[in-house]
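In the two complexes that follow, chain A is the common piece, with chain B as its partner first and chain C second.
Let's look at the complex of A and B:
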């Protein structure tokens, strides 16, 4: 046996449990009278989230409801986990737009690179974390669903204020 | 290079501390390239004769000359000392880029040239990343300059490469520069249309994203595409192309430089060939006819065993119908199979079409033979015919690649129905294929390596651009396996290089050729006399 390993032997003779039980109960009763509450009554009470918290994506829209995305293809290029699918096309005005834009939130690692790289500030992460679905397919958000999100946009890191103060 | 041009005619100069010897008359820009120094340039293009020296990006300092000199028109002279990156030259270049960017929309995120744009590259290189212009930009919008080419006037830097290509290479004065100064734009000459059969090249010569082919508009970002060196299958000229693909779909063809075949150009008919690679329902698994007369899928081992036993049992002679789109290696292996079976050889027909010549480079011609390998098929012992002869009753018919449909020259629509046995090797399941006893799926020329022999007997190699459909395999692989199963010599060829080397050793005119020496530019056949007939 290697020299540094400390071997502890369990007590083999029978002893009383009373002392151990009292010790445990004293911890319990101490917390009952402790004025500092730790437990939060989720979902009735919710965390206050940091403005830079990176959660579910949200697509910015123009006033007429169109997505701001110009389908440049930088977010699928920069995405480290390939969770963005984009098929560009030409609309009736000859402008480039995203015919298909899907983000797989299940695969996403919420690194925020897509928001950083977007040249038109269209795709954002949102301050939001409550996602639950009955199927994996529902985790793939299409463009309409991304536009319908209403959580606040995640604030980008500001070099002038590195600690967000 | 300098030795070839005769030593009296050579001059030696120093470019950025590199001594280089070039023939007299060489321009400094070309000499610099030989010395390994890239001088930025827009208006100069190696395939376009004139050098107007109007973009002013290639300015360099020459010792003993007060002013900066445009290197694209400056003759290299003995003992000249050139510096391409002095502070003065860099400042001049930076100023030019700044001027070009005054009205440039900087819409790189939605521009199809982003990633392969010389304006983007040089702006980044010279550090011209911020604008000092406070006035609003001039917006000119876009225009349809030809049926299939869009012109984004805002992105244009008026290098006039497209105008000069049309005027000097295509010899068709269709394009002009309209207006002057910052309002200048490219337009068709009033009353004319841009419908030259070579006009697609203006998109390739454009150094920025001003000219975009509509088929490629918004299709793919430059960095998402894979590229493979290939040969255009559109006609027998055999233009060297590079095939750009994205997600296993061909998105565009671009000409690849080969001074012996197509220079920097290709025709628009060739560009249209890309859709063929993507289209149609493909044969993906071997299909064998079962007892009930139905075609059933089989794996390769069962299919080849069954075809080999069928072929060895059948008597009564037979012949082949091949396609001039099949590569040399496949045709060679098929000829070996026919010889082994004692069949009487094979024939092929070639689709015909109109011709068009690029006047500035007459060797590049859209040729009447609309298939890449008619010369190779003839060299490998197949007979060129106007219309295919119907196989007699009980004969074995081996079809390689020929669709056998949609053609009035066929004897009747049910070609081959009297044949005793039909073996069909093809990329698609055509009507004729449905009557076959066995269908072996083979890859299209975009999905395999191989060689074509062009109209003048130049053997050129093409590389694989796409994944194969299903479990389709190259025809040379399938046929060499069949030859082996029927007791013929030679191993199954698993590599195109092996198949080529085996063919070269076995074919007159190809002696001494091997896959590596073929390279990406191809080699001519040993003696032109071997090129029988000689397609137009």
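Let's look at the complex of A and C:
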């Protein structure tokens, strides 16, 4: 509809190219000589990450190094993108453990549902994002690798404001 | 001191070719680095700073990458022209440097060495002739790639460069009117101011007595280098990379080198024509000239060669800085604006200006004004008035008007008058 097109009623006689160009040049010149730069020298200096930042997963372990996971199956159920593969097993005491526990970090959307749903606080998201790999297979983290992660656990709530007020 | 002759001349020329080509390529590398740094600064970034100290080796890394990347050959390409195009893009830009004097003549044991590869009598006619060759690289690349985008880029490139070629040549005519010749060392002498020896000279850099020419030459020179705001042949947003879309690795690298070499050449030409070449301002010790018949006037020494070379380099670098600064400030012209600026402004103004300068020269000669500083001062006055008028004409929306205004007005009117179009049809 023609009425919806925004028509700029600017008379041509009042437009200017030379003055506008010079004005632009002065703006860029001011920025050129301004020593304050916004670039962050990434590998040398990094962002300070928020405690609730959701990144690469980390599996919590007992003191003896066993994963805390009890293979209840809640996290693969709740996962919206099906990136968790869990095959449960029972040991001689009748306790369930995860025989296979894999998370495809490539597929994961880092929603954090698995951490929220976990009844034993085993699987966590971590405050960590530098997980580049040379192949897609390497993005599938198995249980051992999840236990070996050492980044801090993602906080589910702000300790200063637990009720989110 | 006599100028070089015979075998000495041949060997020295070969040495100068190698030296100046190496120098040019090094300077191109420097300019690429410089441009990226300045681009960063203008955008509040710090620019490349990872390779080498302060990022200075970034260009080397780029060069190595150009050499190691895969060479691709499109199926639809016309092999001969496809391979020839990068050469045609780079060669004219580099051989233009042959006629540019870098410094005052250098006295050596064998004779006086000109700091210019080829002191050709046709002078800047050579510049115009070789400069026109630049368009072949663009057209051949665009046409032979067998790609629609490259073809469009080539078309635009040829139209743009041929249009501005005319203006470029016309802006140089007033220099001939004042200098009475086309030999480039003579043009530098013209701006230096000699008294009593050889033909009379003005003694003032030509950007003052020929201010309008300077402005127009700057604009057309910028258009010839195909840089923003005249980079329609490339136009990343519309044409991917324009005429060199289908080129990879070192073949693209040659276009790249050619573009920057062309920028340096244009800056050097502006320096020579309008900023006194290697002349050091306010100092008469560097007034050295070698006439076309070999007569040497002045007192050449090696340290004067060094100083004048520095002077030339500083002037050229300042112009390159302005080019880079413009590139990272101004938006690209629309195609119609480009053509309007070229045909309706530059060519018209340059033609009219030739007549104005010719008239002024005639009047000043009749009045018997001394050909020297007074002559130049009067011409400067005339040019200041003309520049004011010219800028007034360009400004105020008479040329290069705002895009938003015209486009939306046209759209609104057309659909209102006819009452058709997709929106109107949907309503009924």
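What we mean here is this: the second predicted complex is superposed on the first by the 123 of 165 C-alpha atoms of A that agree within 3 Å, B and C clash if a C-alpha of one lies under 4 Å from a C-alpha of the other, contacts with A are read in each partner's own complex, and residues count from 1 in each chain.
Here, contacts are C-beta pairs under 8 Å (C-beta built on N, C-alpha and C of every residue); 3 or more make two chains touch, one makes a residue touch a chain.
Keep in mind the model is a prediction, meaning the values are calculated, not measured.
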Query = Of the partners chain B and chain C, which touch A:71 in the superposed model: first, second, both, neither?
reply = first
Ask   = Which of the two partners, first being chain B and second being chain C, lies in contact with A:32: first, second, both, or neither?
value = second
Query = What is the contact status of A:89 with respect to chain B (first) and chain C (second): first, second, both, or neither?
reply = first
Task = Based on the superposed arrangement, let me know which partner A:119 touches: chain B (first), chain C (second), both, or neither?
result = first
Task = May I ask you to name which of chain B and chain C touches more residues of chain A?
result = C
Message = In the overlaid three-chain picture, which partner chain does A:19 touch, first (chain B) or second (chain C), both, or neither?
response = second
Task = Check whether A:45 is in contact with chain B, with chain C, with both or with neither, and answer first, second, both or neither.
result = neither
Remark   = Residues on chain A touched by both chain B and chain C none
Ask   = Where on chain A does chain B make contact in their complex?
value = 70-74, 77, 88-90, 94-96, 119-120
Query = Residues of chain B touching chain A in their complex?
reply = 109-110, 142, 217-219, 221, 223-224
Note = The chain A residues in contact with chain C across the complex are 1-2, 4-8, 10-19, 21, 24-25, 27-29, 31-34, 36-39, 41
Key: Interface residues, chain C side, partner chain A - complex   = 38, 40-46, 49, 325-326, 328-330, 391, 394-397, 399-402, 404-405, 408-409, 411-412, 415-416, 421, 423-424, 427
